[in-house]
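Would you mind keeping the following structure in view while I ask a few things?
Going by the order they are written in, the chains are A, B, C, D, E and F; count residues from 1 in each one.
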């Protein structure tokens, strides 16, 4: 602990590496605790709804 | 916020669309807040246990 | 399962009762599964950040 | 309820079966409640960061 | 990782101590991984709904 | 979305403000998405176990 769970869209490994490194730096600095675990959860656009609409359906409109 | 995370079995996109629309309607009505985010998590039958047994193993018995 | 976790602000018990009943009705109808569990998590305005700002700080501005 | 969510690496079905059975036994014994639901979430090594480094990158070093 | 999140009712500290020790033993044995983190979340009876009814309301009936 | 859930010990509001601002900056930069929601969950030392021991019990030893 602390434990950080991040839900977002799919991400390339370079971005995951960058995200984990930088989020960990911030969390260590704020919490003053050494052990930080981060879980990245990748969600498809048909598994996320915002204001009643699937993200998959929003993208179709554009 | 509010944020709603739904864990269930796999679902067709038409059902996801319906679920997100209707759950959002209820949440907006109860919370009186406009911004609702829903995450649908699809779980395989071998990743869910009920009362000590995997759902994958229950289905085999029927 | 299905399991539904709802994060929002504090809520009166009448609203929780209404939320649980109506969300369950929708989930049972979409999933065609009888057993639905809902967890309501109440978050204070200083524990939620939107776009970099605590909700507690937004409310001060209004 | 109780509900137990387990995040770990990928697991063979025999191990999932064992995990669900034994964790349920412990939870029923401690909580004295009959209905226990367990969700197993399998995470790839590039979706988990420990102390700022992806597990995928740690394994490369060894 | 592994990380285990347990949602249940309120629990005395002796039971938490017992739960954490025994769940960790099982998880270490199944995953063959040393580092196990457990988060216990205590939920009031008015924040949990089962099949459309708050647990707080079920208890009133008995 | 993205949604970031942070579990840690209790935190003063100044630290929460700092945490939310800086984590959001990183997430916006990596995901290139404007809308970031962060939930901070504060856990007492008796609700977190590491390697089979409650944090509350570790602190007693020191």
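Brief remarks on what is shown
To be clear about the criterion, contacts are C-beta pairs under 8 Å (C-beta built on N, C-alpha and C of every residue); 3 or more make two chains touch, one makes a residue touch a chain.
Since this is a predicted model, take the numbers as computed values, not measurements.
The chains that touch chain A as well as chain B are D, F. Residue contact pairs shared with A-D exceed half only for one pair among A-B, B-C or D-E, and that pair is A-B. The most distant chain from chain D, with centres taken as the mean of CA atoms, is C. Chain centres here are means of the Cα atoms, and by that rule the chain farthest away from chain A is E. We define each chain's centre as the mean of its Cα atoms; on that basis chain C and chain E are separated by 20 Å.
Across the assembly, chain C contributes residues 1, 3, 7, 19, 23, 37, 39, 43, 48, 50 that each touch 2 or more other chains.
Every pair of chains meeting the contact definition is listed here: A-B, A-D, A-E, A-F, B-C, B-D, B-F, C-D, C-E, C-F, D-E, E-F.
Against chain B, the residues of chain F that register as touching in their complex are 1, 3, 37, 39. Only residues 13, 16-17, 19-21, 23-25, 28, 34-42 of chain A touch chain D when the two sit together in their complex. Here chain C touches chain F in the complex through residues 7, 43, 46-54, 56-57, going by the rule given at the top. Remark: chain D residues 1-9, 11, 15, 18-19, 22-23, 26-27, 30-31, 33, 43, 48, 50, 55 touch chain E in the complex.
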